[in-house]
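Chain naming follows the written order as A, B, C, D and E, and within any one chain the residues start at number 1.
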Amino acid sequence: MQKPISKPPIRWHIPVFLAPAFLIYTAVMVIPLLGTIQLSLFSDIDGEQVFVGLANFKTLLGDQHWSQQFWNALLNNTWFFVIHMLVQNPIGILLAALLSSNKLRMKAFYRTSIFIPTILSFVIVGFAWKLILSPIWGVAPSMLDVIGLKSLFTPWLGKEEYALTTLALISVWQFVGIPMMLIYAAMLSIPDEILEAAECDGVTGISQFWKIKLPLILPSIGIISILTFVGNFNAFDLIYSVQGALAGPNFGTDVLGTFMFRTFFGFQLQLGDPNMGSAIASIMFIIILIGVSIYLFGIQTRLRRYQF
Amino acid sequence: MSVDIQKTACSQVTFRAIAAHAILITYTLIALFPVFVIVINSFKSRNAIFREPLSLPNAESFSLKGYETVLKQGDFVLYFQNSLIVTVASLTMVLLFGAMAAFALSEYRFRGNLLTGLYLAIGIMIPIRLGTVAILEMMVASGLVNTLTALILVYTAQGLPLAVFILSEFMQGISDDLKNAGRIDGLTEYTIFGVLVLPLIRPALATVAVFTMIPIWNDLWFPLILAPAEETKTITLGAQVFIGQFVTDWNAVLASLSLAIIPVLVLYLIFSRQLIKGITAGAVK
Amino acid sequence: QDATLTIESWRNDDLSIWQDKIIPAFEAKHPNIKLKFTPSAPAEYNAVLNSKLEAGSAGDLITCRPFDASLSLFEANQLAPLTDLEGMSNFSDVAKSAWITDDGSTPFCVPMASVIHGFIYNVEAFEDAGVEVPETEAEFFAALDAIKEKGNYIPLAMGTNDQWEAATMGYNNVGPNYWKGEEGRNALIKGEQKLTDEPWIAPFRQLAKWKDYLGDGFEAQTYPDSQNLFTLGRAAVYPAGSWEISGFNTNAQFKMGAFNPPVPNEGDTCYISDHTDIGIGMNANTKHPEAAKAFLNWVGSEEFASLYANSLPGFFPLSKTAVKMEDPLAQEFISWREKCEPTIRSTYQILSRGTPNLENETWNASVSVIKGAETPEEAGKRLQDGLASWYDPQK
Amino acid sequence: MGSLSLKNIRKSFGNVEVIKGIDLDVKDGELVIFVGPSGCGKSTLLRIIAGLETESTGSIEIDGDPVNGQSPSMRGISMVFQTYALYPHLTVKDNMSLGLKQAKRPKELIEKRVGFASSMLSLDDYLDRRPAELSGGQRQRVAIGRAIVRQPKLFLFDEPLSNLDAALRVNTRLEIASLHRQLSATMVYVTHDQTEAMTLADRIVVLNNGVIEQVGTPMELYNEPKNKFVAGFIGSPQMNFIPASCLKIDDAETIGIRPENILIDGAKADLTGKVSHIEKLGSDTNIYADCADAGLICIRLFGQHDTEVGSDISLHFDRDKMFKFDKNGDTVN
Amino acid sequence: MGSLSLKNIRKSFGNVEVIKGIDLDVKDGELVIFVGPSGCGKSTLLRIIAGLETESTGSIEIDGDPVNGQSPSMRGISMVFQTYALYPHLTVKDNMSLGLKQAKRPKELIEKRVGFASSMLSLDDYLDRRPAELSGGQRQRVAIGRAIVRQPKLFLFDEPLSNLDAALRVNTRLEIASLHRQLSATMVYVTHDQTEAMTLADRIVVLNNGVIEQVGTPMELYNEPKNKFVAGFIGSPQMNFIPASCLKIDDAETIGIRPENILIDGAKADLTGKVSHIEKLGSDTNIYADCADAGLICIRLFGQHDTEVGSDISLHFDRDKMFKFDKNGDTVN
């Protein structure tokens, strides 16, 4: 009995696997967000939403008042990101590397402790650090005093030149658990035997990290960088809870997130302007999209993945 | 001479271990110090908090006022329960659906693969908060306002992009031979996913679970907007009562938020037990 | 018929007062109406409320921010007009001004309370330094100097981290004495005065001098820090709003007094900021308009005024009928209404409708001036330029 | 029922063509063994048959039905992977029974089959261990067990015995042979072991560099190799190749003679040389003699022999058992 | 310089003791081969020597220095893993040179050594590939290459040739032997291949179930096995074991006779039976005869023979080559 040559059957499992995520995500996230993004092309004129094309963007980038705030926020954001990349990720990788070394005791304790800040709510983080760094209640000054560095103390959160860096470091403190966890998970999947082979080859300790582990976890580092990028350019809560929506001192800690929130939802007497707000959001989105695309097409495709 | 070599060898090993512990302990202290400050202060009277923020509660300054206020105000057990239901349900959906989508994207080549991946990744780039009004309208229309379902749906949507992104990366690390062995064993694609792939990416699932859980647990915004009713209040929203316009009841805030750490910590501990070394050991040559 | 009304509010602080006093009092009178007070955090209130109104899930009764925030809700047909509400007649035009259309024809919120600015001081600190309550600016600074000299107290408890205190309890606290209250404020609105004019620069000049009397590291000092600093007895004078009274009463262990903003020269008329702050309106889409109106009428009643004012000393009723305050500090604040001219905060009406937002700019400018990052003149010029960029009468 | 037919199969990885046109028919119930040098494409071919690798061109029929594009699970095959590919998170028992469970076979049947396989493979003591806790040979046995419990019509074995010790290897080999007979299943088998290939195969396929050099029964390949490559590949130690000129034979370029067909005989010496190295295997002895022009010649003697390294040796070749190859390496008759 | 001494090594995984007290001295420059059934602990012992597994008790000396607790890199060893354990992210070349680079050896030296190893292992064409793009045998060769380029004093090989084809296996074996001579390195080697063990080893260590059964030169083990286990393990096909009673010998429990020492001789029949199965290897023929009480007996004949399955056969045993074992399996002289 000769069966006809069958065409490859439709692989129904692919849509089945994709459907639930796709549907929920589209319905609850994409459609509402599209609605919002679309607002950026409209303007409220006498209570009517009127299509104005790219006028909002023109205002945002052209109007001196808006553009000044925008560039300030973008610059701050970039600095915020730079600090995370330079401080948070290396520390996270270092901690993960230490934790994943085989013979270490008390791993679980360290891992949990270091992760605790990450599970705190912003309200608590803001409160704790404001209390600690407050010049009034003396926690930080007196601790610096113990090591004889009291003269170094200034009200970091209140000074324009330090506030953003301080906040970024607080954020690093809070989120270092994330790169740590991810890298740790990646390191766990490296088979023991490869590391044993390296041991025999005399590739141990730090050079083992550089030459064996690091290349094997590179895809995870890529993910972390992109998550840091996306997370930082969406940053909002910490700054909001420590410095408020006006992101003081003198907008020294204003990032795109706070700028957008202020504009979109309004603040104090400033009424919310969803149109301008979504224009800012759209620009944020574009910035992030560019970054992510560079990663996806330029870097991720070049990162090799290894199967174990 | 040879004995010397051994000694240095040993001391080098111990030195390395000591250095590792030193770094980790230092960082642990940095990580825990602010938490310590919060916890000790939640047991002190208001004046003591600000007079001596660093000192441990003593007979004079010890006060459970914060905790009393918290327990008196509203139904905190219910809030806890709501938070837990929302978190666990959203997590389950995020992990399951996210892993399914990630599997489809990383395992099969099909037209539109990259595009679908990008589409799902877009969600990481815009805060879902921006879609609030439309989401709220949708929930009002479907009568889901003031139900936990509304929150669960939103958090699922919010958590999916990241989950898909991270999980598909990890799924590419699973040996093809292994999945092929399954196919030859007659497993369907669904069972390959459920029986082979899911258990093997446990560390990644745990990681994603932790990442997803935290913002859900700590979120204030959507509970405030979608489910502010007494019966559906979450713990974070419940704690918010103590943050006033001009007067903040720091005792109560500290107490309620210290209490709120515990369940996430427990969840975290549960998940982090899935971070196991050598899950794929012995699979292939 | 039976109805349950939900009240939207940003007043987390008042939750227990509503639950324990106000709601039972009302329900006793209207057994078929149930009330639910559901406050949200003040910082998110506007955003949350707007979203809910837009989606149609907001409560029946809505606590109103003064001026534009509520006006825009009314214009979007989300607040119901209250023109024919009987209770409205109990309020003066000034009281209603914060919640009425620009042409003054249609009110949309029942005024609930106002707050008065001034200074609260630590009586022990004054005794310690041997100073009297200041009447004039010169006396004020002399007193601060004396306290500073003595060194036991921080003269002024204020920080700039949160920004708004500098503007609200600084600029708008001392300012009315210079711009002569309503006179200056209206002139600004009409475009007859500019923010670069002396009456508007002078308050900045005073603020600039405050720097030396603030605590170490005031740049990072937050609003709760300032409150704590004062109530823990470490600071002598607290530039205040009357809303602090109840909190301070519970937390401070020492005797407190209050004085109105000192006048520039002896014998000048004093002006105070008596700011219309809280109103309450009706959701235009409520399912129980009759019940809601019943409640709003009750809010206009004397019973409510007295109940509210005495439960929340520091929030003063706006109705025409005088209310007797039991709290001495509150009584002190309200007594200024008799000797001084009241006005509202300069930026609140009309002037903060555009971008840049004058209120927010004033926060920022006040902080800069206190820190010395900007001179009073520069600050004034910046505010004026900003305002002129969108506000036609000032162009 | 389990026949297999490959037509002009080709496969490239990137630019490199590793399978260069394979045609092969395997009859139902036949056991065919692929041999060939490392990297010649045996595993790739097996994976193509299994449907794990898509052929670049060509067609595959199993049971007469074209299966191109069909998924592995539809093809009704079992495979033992060269890399084992065990499920690391499952116990030995679950590794073996997963396929049957999936097919919803009754519990008792599963028990029985797994019991049979595990006792046949001496895995009874390890049923509850996970792969990471097994030795290399034990893992390999689990992989075999997993394949055989399913009793499909077509088995694919990729070097299934390479990590087993001699005794176990012989046993397992015999078990596979009897399984083959019992189930009359078709088997395709890759091995490097001469003994395995010679004893187990119905037919051997010699692959080289992506093409088939010769297909035939073991004895055909041994006695009538088509060319020098096959002649050299089959038989261990390898056939000796001597330039025909050394032996004054002129109808060939190269002469091939198997080590076992060389006699040490001073009287009728075809070549003389010096003993350079001796390998004693107990049952046989391999003597390597250095014969000037002819190069190193291996002589295999039955039993144990003591010959001094460096001593002179005279070799006589059994003319009947000589192979002649032309310039291209093809056999000349 | 590269001597190795193990004293009372024991190792347990959880409750299961897999190495049960091993004492062994390996002289400098010696090539010792571990053989033993799958799962008997060979790899574990090797890993203990390498320092990858910590012994539960016992001491290890390399070069006379105790190395217990020392890290593998300090012990100056090279190891070929049974599972290869190649670095997946490095090319073949880098896989081999990483160790040398790490030791900061000069570039030219690295080039030279890698060049030597890769040509010895026929890997020249694959130097720029990554492990995932190699066949099983190629991977194994890379693993060998990685071990030998470092030229340490002690080599540990875990079944290094199991995935290579016969020809390559012989070559690589010879190369390892010559490497061994050239470097006078000490080598410990695990294999399942009889030929490899017999030809390559200076001494063979027979392990069984975590203990050493016998240590000796290949011929010692072949000719004078201490017990039935060793006798059965060394030699392929396996020695035949016959109840002594069948042959009417009473100073032993069991008689062992190797297949090659059985003659087919109607005249002097010790046993008769029926041919049940024939294996033709080309160079030899194995005949399996069913001999009633004595069971299945394997007879190995040199060359090719045609015997009909089912025909009667008479077996004669060479008395000199018979082994006698007592009840405990120990050899009786």
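Please note the rule applied: a residue touches a chain if its C-beta (ideal position, glycine included) is under 8 Å from a C-beta of that chain, and two chains touch if they have at least 3 such contacts.
Bear in mind the structure is a predicted one, so any value in this text is a computation, not a measurement.
Undergrad: Going by the contact rule set out at the top, which chains touch both chain B and chain E?
TA: Both-contact set = A, D.
Undergrad: Of all chains present, which has the mean Cα position farthest from that of chain D?
TA: Farthest by centroid: C.
Undergrad: Skim through the chains and flag the pair connected by the most C-beta pairs in contact.
TA: Highest contact count belongs to chains A-B.
Undergrad: Can you work out the whole-Å distance between the CA centroids of chain C and chain E?
TA: Centre separation, chain C to chain E: 92 Å.
Undergrad: So the centre of each chain is just the mean of its C-alpha atoms; given that, what is the distance between chain B and chain D in Å?
TA: Taking the average C-alpha coordinate of chain B and of chain D, the gap between them is 54 Å.
Undergrad: I'd like the Å distance between the centres of chain A and chain D, where a centre is the mean of that chain's Cα atoms.
TA: About 56 Å, centre to centre.
Undergrad: What is the distance, in whole Å, between the centres of chain A and chain C, each centre taken as the mean of its C-alpha atoms?
TA: Their C-alpha centroids are separated by 38 Å.
Undergrad: Of all residues in chain C, which are in touch with two or more distinct other chains?
TA: Within chain C, residues 228 contact more than one other chain.
Undergrad: What residues in chain B touch two or more of the other chains?
TA: Expected reply: 50, 132-133, 175-176, 188, 243, 250, 278-281, 283-285.
Undergrad: At least two other chains touched by the same residue of chain D: list those residues.
TA: In chain D, residues 82-83, 133-134 touch at least two other chains, as defined above.
Undergrad: Under the touch definition given earlier, write down the residues of chain A that touch chain E in their complex.
TA: Those residues of chain A that touch chain E are 191, 193-194, 196-204, 207, 211-212, 215-216, 304, 306-308.
Undergrad: Sort out for me which residues of chain B touch chain D in the complex.
TA: Within the complex, chain B touches chain D at residues 175-178, 180-188, 191, 195-196, 199-200, 278-285.
Undergrad: Going by the contact rule set out above, which residues of chain A touch chain B in the complex?
TA: 11, 13-14, 16-18, 20-22, 24-25, 27-33, 35-37, 91, 94-95, 98-104, 106, 108-125, 127-129, 131-132, 137-139, 142, 173, 176, 178, 181-182, 184-186, 188-189, 191-193, 205, 219-220, 223, 227, 230, 234, 236, 257, 264, 274, 277-278, 281, 284-285, 288-289, 292, 296, 305-308
Undergrad: What does chain B use to touch chain A in their complex?
TA: 16-17, 20-21, 23-25, 27-28, 30-35, 37-38, 41, 50, 53-54, 93, 96-98, 100-101, 103-105, 108, 110, 116-128, 130-135, 138, 153-154, 156-158, 160-162, 164-166, 169-170, 172-176, 188-190, 193, 203-204, 206-207, 210-211, 214, 217-218, 236, 239, 243, 250, 253-254, 257-258, 260-261, 264-265, 268-269, 272, 275-281, 283-284
Undergrad: In the complex, go through chain D and note every residue touching chain E.
TA: Going by the criterion above, the answer is residues 13, 35-39, 42-44, 82-83, 133-138, 141, 158-159, 162-170, 192-195, 198-199, 218-219, 222-223, 232-238, 258-260, 279-284, 286, 300, 302-304.
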